[in-house]
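Working notes, structure below.
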């Protein structure tokens, strides 16, 4: 029958200890953070918004072939000789296969993910728009940047920098 | 309400029911239903039949994969289960490696193992949280588990670049080596997490009221578990010592020494308890993998086209065994991929259980979440 | 007309204050607002998160007001198959019942809304039996499978819980020798009744959890099975009323528990200070009590209805009768208070 | 590999056997004629102990005009998987259901019925599973099911 293989502690441990464990959590500091005001800084590899360096791009189309979501289109840019990738962030799944495929390393990830807009067209970034975006432009409320660390007593946020100094 | 007369055909609908029965639609808009529906036939308290209505999130991943190259297929496959992406992806990547006849380098295998075990911990944490939440609208344990998986997600983001859907395994290895500072942080996280598991055990697993709700409820016998094709920790909780990591080792599991968690009770309590124990096993596996990790490359070149052929690859995901049957016709896209995920199999047992024993309406959510099903998984 | 009103108010200022401000309407509503906010903040900390932070500047203290405004502004939805009269009736009447129970509780010497002439404890229980009746009306009127199951569960649970609670409080009556809550409080000046009535208190407390329908006894409104039990179909302001009724019920029963076992408005006997005696202590005890109750709500699993009913009839009822016999024996040998 | 098991399967399948191979240690591929599928399945279960269904599915071959079905069954004693296959005619695919042998394949067969259009005789619950109840647009996993109209409907936004 059930329970034969599982430890069965005494009555107090079964009834009172859960209560004590729950109550003890009141002393812990919250693990949540106030998002628009405090933002977690991504890691070095964090895959987010993709930027394009048009000076090195050779318009080979490898990124478009690699993209599993068919989120990359190619458009000519005035004054330049190739066609360059435009990214549809409505379809993009941030898998990073395009960045990995790029033979000249012209595409690069940033940790920005705040790309939401009111119209679908706002999600389509033309080649000339794929520039680095300052987070203040998309998230004006941000005051502080945090990074996550692991200490002996559990995970902790530490201040990376104040937002104003950017 | 009169007691109904019931006769069950062995594999089908209830043939004859008495008066006073009605159908409850638990889902698709219900606190516990998730992205599906359970049609519960009940007289108010006793449950006579549960029908699982899946398909609300059917995306046709099997069909989509026929249109993608092997590498492109990684992204849709991962969308099957967000919690457990690396294990799911391992099934797909492993099947491709099998049909292409390539072997990833040993270091890649160890990195895969670490990622998969971290993912398994994340998945089991969520399962434990949902089980606690279904037994009482008890969000404490659920939110603790949600908070405690966060360090693991941070680590996974540090290593792979994303919190979910890592797209990190490719046929022939992994996409990048371990970054600086990762191993130290992982070790610290494991040390801290061991203490947290103790809290879960004392606060929830030994909790008298939780035991009252789950012990002896929803018993799946060993024989039934095998015949109904149960998978994963649920199968092991019924006393079948099957674990794909042990029975058909893939990645680095063949070189590591770990135990299979089995229970004989087969009730909801054993299933919940098995997950907690498996988290401990996962910690053990990660530690061994860190210690034994060899040096070397992490990726080998993948041939553009496989030979025509077929392969069946089995992998142990967080929710149980998933297997991928792949048919290749020698082109750069698979001819047919059949994925049979764990939840798809587990739902059948949920349907069969009320026909073998007495289940009350209050047991339904606990019963369902003790199996840790996932509609997105089953729908594909 | 106006003059008559002003003179009426002037003459009955004390009574009006008691009914309208404290411990009457304003206090009850204030408590509901505070309790919801406190529950959200406190439980959030137990779940290692923050709870409401934005509303009202610091600590999210305006959150409930905002929620209430939102709920009041929403449409009242009557299901097509519902009995609309009863549906509305139940939602209006339900919060009144526990509020009426509060009227019998003494908050300080002389500070009591309705002094039921020496039988206030019995009147309290008499009023409380109305709660499941209206609860069934709300479940039945909504004409929904989930609500009707919840309503029937409510009857089972209330009968299984209320009888042990009543029998346990008979122990207090015997020990104190009175039915009157005010006198029960006065007799606890030197020793709280939890000491001589410990067994009775255990029974009372478990039954009490069933009466306030919190985990582990939130069986009628079991969210994982029945969505919100008998309240499932209620929307907007009617939902607000239902929620209010839950919290007023919590307040009424907690006050009764404090009055019966924890000395009511008396301070702790070790530093009984006549100045602080009264409202201060009852509020302190109230906050401690709801803190413990809220912690309990997220520490345990919900019982099944059969387990809860079994617990009530098989364990609590014999224990409460045993408690009465023990109390009689103690009273006989020790001579009472 | 697995020569002795292969021999035993050959003997129990007899005439019905079409193809048998074991490319790796833990896999045995057995292809039989569709008429004998229930018989072979039952004997595989009773005599060799292949008891746990882990997967079932089908592949459409329009060129050969067949649909190849497979049931993957794990043997809890031997720790091997047999993949039992058979080919059915593509124009009117129909076969005996194996739910009587392995109850666990019920949902898999239901899925095949729905997505590939294979009729399983004797199946207790042939109802739509993944697709909407009013789906009339064909069998999605067949090769001639075209995704283009759906792409036009849901796919490209610009």
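A, B, C and D are the chain letters, set down in written order, and residue numbers restart from 1 in every chain.
In this text, a contact is a pair of C-beta atoms (placed from the backbone, for glycine too) under 8 Å apart; a residue touches a chain by one contact, two chains touch by 3 or more.
Note that this is a predicted model, so its numbers are computed, not measured.
Peer 1: Compute per-chain Cα centres, compare each with the mean of all protein Cα atoms, and return the closest chain.
Peer 2: Taking the mean of C-alpha atoms per chain, the most central one is B.
Peer 1: Taking each chain's centre as the mean of its CA atoms, which one is farthest from the centre of chain B?
Peer 2: Centre of mass proxy via C-alpha means gives C as farthest from chain B.
Peer 1: Distance from the CA centroid of chain A to that of chain B, rounded to the nearest Å?
Peer 2: 25
Peer 1: Rounded to a whole Å, what is the gap between the Cα centroids of chain A and chain D?
Peer 2: One centre to the other, that is 42 Å.
Peer 1: List the centre-to-centre spacing of chain A and chain C in whole Å, with centres computed as mean CA coordinates.
Peer 2: The answer is 47 Å.
Peer 1: Which chain C residues sit where two or more other chains touch them?
Peer 2: As it turns out, chain C has residues touching two or more other chains at 46-49, 298-300.
Peer 1: Residues of chain A that touch two or more other chains: which are they?
Peer 2: 18, 21-22, 25, 31
Peer 1: What positions in chain B touch 2 or more of the other chains?
Peer 2: 140, 144, 147, 203, 207, 209
Peer 1: How about chain B: which of its residues touch chain C in the complex?
Peer 2: 22, 24, 26, 30-32, 44-45, 132-140, 143-144, 147, 203, 207, 209-210, 212-213, 360-365
Peer 1: For the complex, give me every residue of chain D touching chain B.
Peer 2: 26-27, 29, 51-60, 70, 72, 74, 76, 79, 81, 83, 99-100, 102-108, 124-125, 128-132, 140-141, 145, 147
Peer 1: For the complex, which residues does chain C have touching chain B?
Peer 2: 43, 46-49, 145-146, 149, 152, 215-216, 218-219, 222-225, 227, 298-307
Peer 1: For the complex, which residues does chain A have touching chain B?
Peer 2: Within the complex, chain A touches chain B at residues 1-9, 11, 13-15, 17-18, 21-22, 25, 31, 42-47, 66-69, 93-97, 100, 109, 148, 150-155.
Peer 1: Could you pull out which chain C residues touch chain A in their complex?
Peer 2: Answer in residue numbers: 42, 44-50, 53, 295-296, 298-300.
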